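Each of the next two complexes has chain A plus one other chain: chain B in the first, chain C in the second.
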Partner chain A sequence: MTESIVRALKCRECGEEYPVQPTHVCEFCFGPLEVVYDYEKLEGNFTRKLIESRPQNMWRYRELLPIDGEPTVGAENGFTPLVRAERLAAALGVKELYIKNDSVCSPTLSFKDRVVSVALSKAVEFGFTTVACASTGNLAGSVAANAAAAGLESYVFIPHDLEQGKVLGAGIFGTKIIGINGTYDDVNRLCSEVAGKYGWAFVNVNIRPFYAEGSKTYGYEIMEQLGWKAPKHVVVPMASGSLCTKIDKSINEFIKLGLIEDNSTAIYGAQATGCSPISKAVKENTDLIHPVRPDTIAKSLAIGNPADGYYAHRVMRDTGGWAEDVNDEEIVAAMKLLAETEGIFTETAGGVTVGVAKKLIEQGRIPRDESIVLCITGNGLKTQEAIVDAIEKPRIIQSNLKDFDALAAADGVQV
Partner chain B sequence: MKMKVYLTYNVENIRLPIIWQLGQSFAIITNIRTADVKENMGLVALELDGAVDVVEEAIRWLESQQVHVEPIEQNMVEG
Partner chain C sequence: MSITIRIPTPLRKLTAGADEVAVEGSNVSEVIDNLEAQHNGLKARLCDDAGEIRRFVNVYVNDEDVRFLQGLKTAIKDGDELSIVPAIAGGC
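== the complex of A and B ==
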């Protein structure tokens, strides 16, 4: 067992440090708390060779995750494919393109399995027996599944109007699922009250500092799979903005630990036009994020008042990245483009990422001759409503060759 | 109950003495922790301390003044 190098929880605003405990706000200034580490303790001991010798899951980077003992939840999660996307690259007119494919992340087909593995393992260390979350869909499924496998009670809170696939994809695990009449921001508001009153481990409320660290493994894997190298450009979908900030943190940590060279990676954020408070702040270069009321088919990204929006904006500004947003039609077109060029069926959030990447490339913001990674974070089978009318229906014929010959002839197929 | 919230003001209400009015109208102790005004928008981190129903009523009143209220955390017990 390796010794934890976690130093404390630290306020991102005033710098006050707190002992490791299930809390997420600074008592002084109400700023968000973040896990900080004593990286010096790893000096020379945390090497490429050591990491490569470990099983292929997200815990191969465990020294940089905020748990003390062995992971008790999601011990096999993570380590998804990084795909060289030649056909999508040709379609977008770029030279070197990769897809980090968390649409096949185990066990619930989104990157949320990473954050939940860390959050629930930490919750168990803290002694909680009931876990909960406020979710735009994917998190609910992941909390429900991972809690079930670990024998924890769970309550998941979602907006009432989510896709069937997301609702079923949580309910099947025997969780207590609560639909709230309202938007995600209403769900979140209720959950911060429930968290205070019921004393549960709310993964994205009182356990948030630990939960959020799990996203770093998405970044670590990209760098390891690129051959211990950071890409020049990364496009990240944003809801609360947390993943965006943690990919940046993962790169900075690997540089600090000497695992990679600094490649001046620029980080770009992707949102849906119907819910784009962060991309709007980036494009208008305003510091404060104006809350919005979401209206988009990308329901997993529909957070109108993003908790990490301010920090995500800073990451994009400081790394030389940018942000863009795409409307519902562009999202569907991008989902189809990815599916038809790479055989990857992503959900609406992935459509947002691909659509925004296309836009940024066309605008010249992302150059065509440098390495680009697109963050595909969720699976298309969960958001079928979004594309059901855009996909060709099967042509129904009788089971005889004559009928098929007629059809093939109409398609211009030569025998 | 102590409730920590972020208040977001807009151009219309940013100059109004809303937190003073809140203290005058409700049996609540208000405690400002940070405040920032920029680009026609104001952000205040505020703690509200009072009986549960009074705190809830106060939040509804703030929203009726077009102030966006984002809860950060609620503590039922002192801490």
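== the complex of A and C ==
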């Protein structure tokens, strides 16, 4: 087994370093803590060949993940398809388009299985036996499932008004599921108090520095699957903004380690208009993220006070990207477009990504002749409420050929 | 102008445990300087080297974040309440 190259937890604001422990805020300035590594220790040892020789799951990049031993939770998770999307490319009028398809991420059909695998493996290393989270839905399901498989107790906290698919998709695993009367931001505030008092491993509170690192594997896989190359443009859905910052970090790490060449990748953030504090700040070119009260069908992205908003903004600005947002109708239309062109049924967050990509291409912000990756991070079966009225219902007939002939004739079908 | 400042738990070590402190000042900047005069070390926790309020420290005057008022220049009048609230990191 390889030695861990994790150096410390480091404050993103004042630079103070802390030992590796279950904590997430700088005691001095209240800034967020991030895992930092001694990359020099990998010098020459972490090669494409080594990575390619390993099983196809997210742990093939384990040197760059913040656990000390072997993964104990989610050891098979990750490594989803990168799909060349020819038909969607034609519909959007672009030349080279790919879908990174985490709508089929195992085991709970969203990219959250990546962050949770890291968070819970780390929680086990720290000696926790109860794990928990504040969630907009996908995270709750992932914590519940991965905790069940690892024999851990779990408590998941969600806003009271989530989609059935998200609620059932967590409850089935025998987790303790708590609905909070309020928005995600209310859930989050409560969870930071509960985390302090109960001493549990809250994956996105006290374990957050480790948890967030799991998102890097989404970026690593894109680069490996493109043939060890970063795309020119990536469009990322944003809730807290964490995934956006970690895709950027993954690209910078691969460049630093000599695994890819710098391709000047531009990173674009996608939000729903009904909850767009980050895209608004980007469009208005201000560092100040104005918290909002969410009102959108993209409930998985409905964080009104995004923890990583400032850093996500900086990533988009520094990489030459941009941000946009789309309304509920555009989200539904984009979900249908992706499904009808590529056979991929994504949830509302994916509709946000595709809708925003379309907008940015039409605006000329993303050029039509360069490589583009769209981050599809969740599955449509979990957000059926959003599209139930927009999808054609089955036409009911009797089981006789005459009835079907009449229907086919009405459709103009020639026999 | 005297106002009341609410001190969050992690900073009470610097106020001898007090959760509220009364301070003079006509704007947020003066209030913070006077707070520092009474409780040495507090200003460095609230403001960065350039004197700006730290990114993950929220200062509210009567429940309004001063970032969305006039920042450090936000005027204070008698009886206003100023709260210092660390941002709640976490999320998603």
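Everything that follows uses one rule, which is that the second predicted complex is superposed on the first by the 415 of 415 C-alpha atoms of A that agree within 3 Å, B and C clash if a C-alpha of one lies under 4 Å from a C-alpha of the other, contacts with A are read in each partner's own complex, and residues count from 1 in each chain.
Just so we're on the same page, contacts are C-beta pairs under 8 Å (C-beta built on N, C-alpha and C of every residue); 3 or more make two chains touch, one makes a residue touch a chain.
Everything numeric in this text was worked out from a predicted model, so none of it was measured.
In this superposed model built on chain A, chain B and chain C take up the same space, so to speak, and clash. By the touch criterion defined above, A:F28 reaches both chain B and chain C.
Contacts of A:T286 after superposition on the shared chain: chain B is touched, whereas chain C is not.
Comparing chain C and chain B on the residues of chain A they touch gives the larger count to C. Look at A:R189: by the touch rule set out above, it reaches both chain B and chain C. Shared-chain residue A:G74: touches no atom of chain B or chain C. Of the two partner chains, chain B is the only one that A:K197 touches; chain C does not reach it. In the superposition on chain A, contact of A:G141 is made with neither chain B nor chain C. In the superposed model, A:E13 lies in contact with both chain B and chain C. Residues common to the contacts of chain A with chain B and with chain C across the two structures: 13, 24-25, 28-31, 189, 192, 205, 288, 290, 305. Listed in rising order, the residues of chain A touching chain C in the complex are 13-14, 24-32, 134-136, 139, 184, 188-189, 191-192, 202, 204-205, 208, 239-240, 242, 288, 290, 303, 305-308, 310. Within the complex, the chain B residues that touch chain A are 4, 6, 8, 33-34, 36, 38-39, 41, 43, 45, 47, 68, 70-76. Put simply, chain C touches chain A in their complex at residues 10, 45, 48, 54-57, 67-68, 86-92. For chain A in complex with chain B, the touching residues are 13, 24-25, 28-31, 185, 189, 192-193, 195-197, 205-206, 286-288, 290-291, 305.
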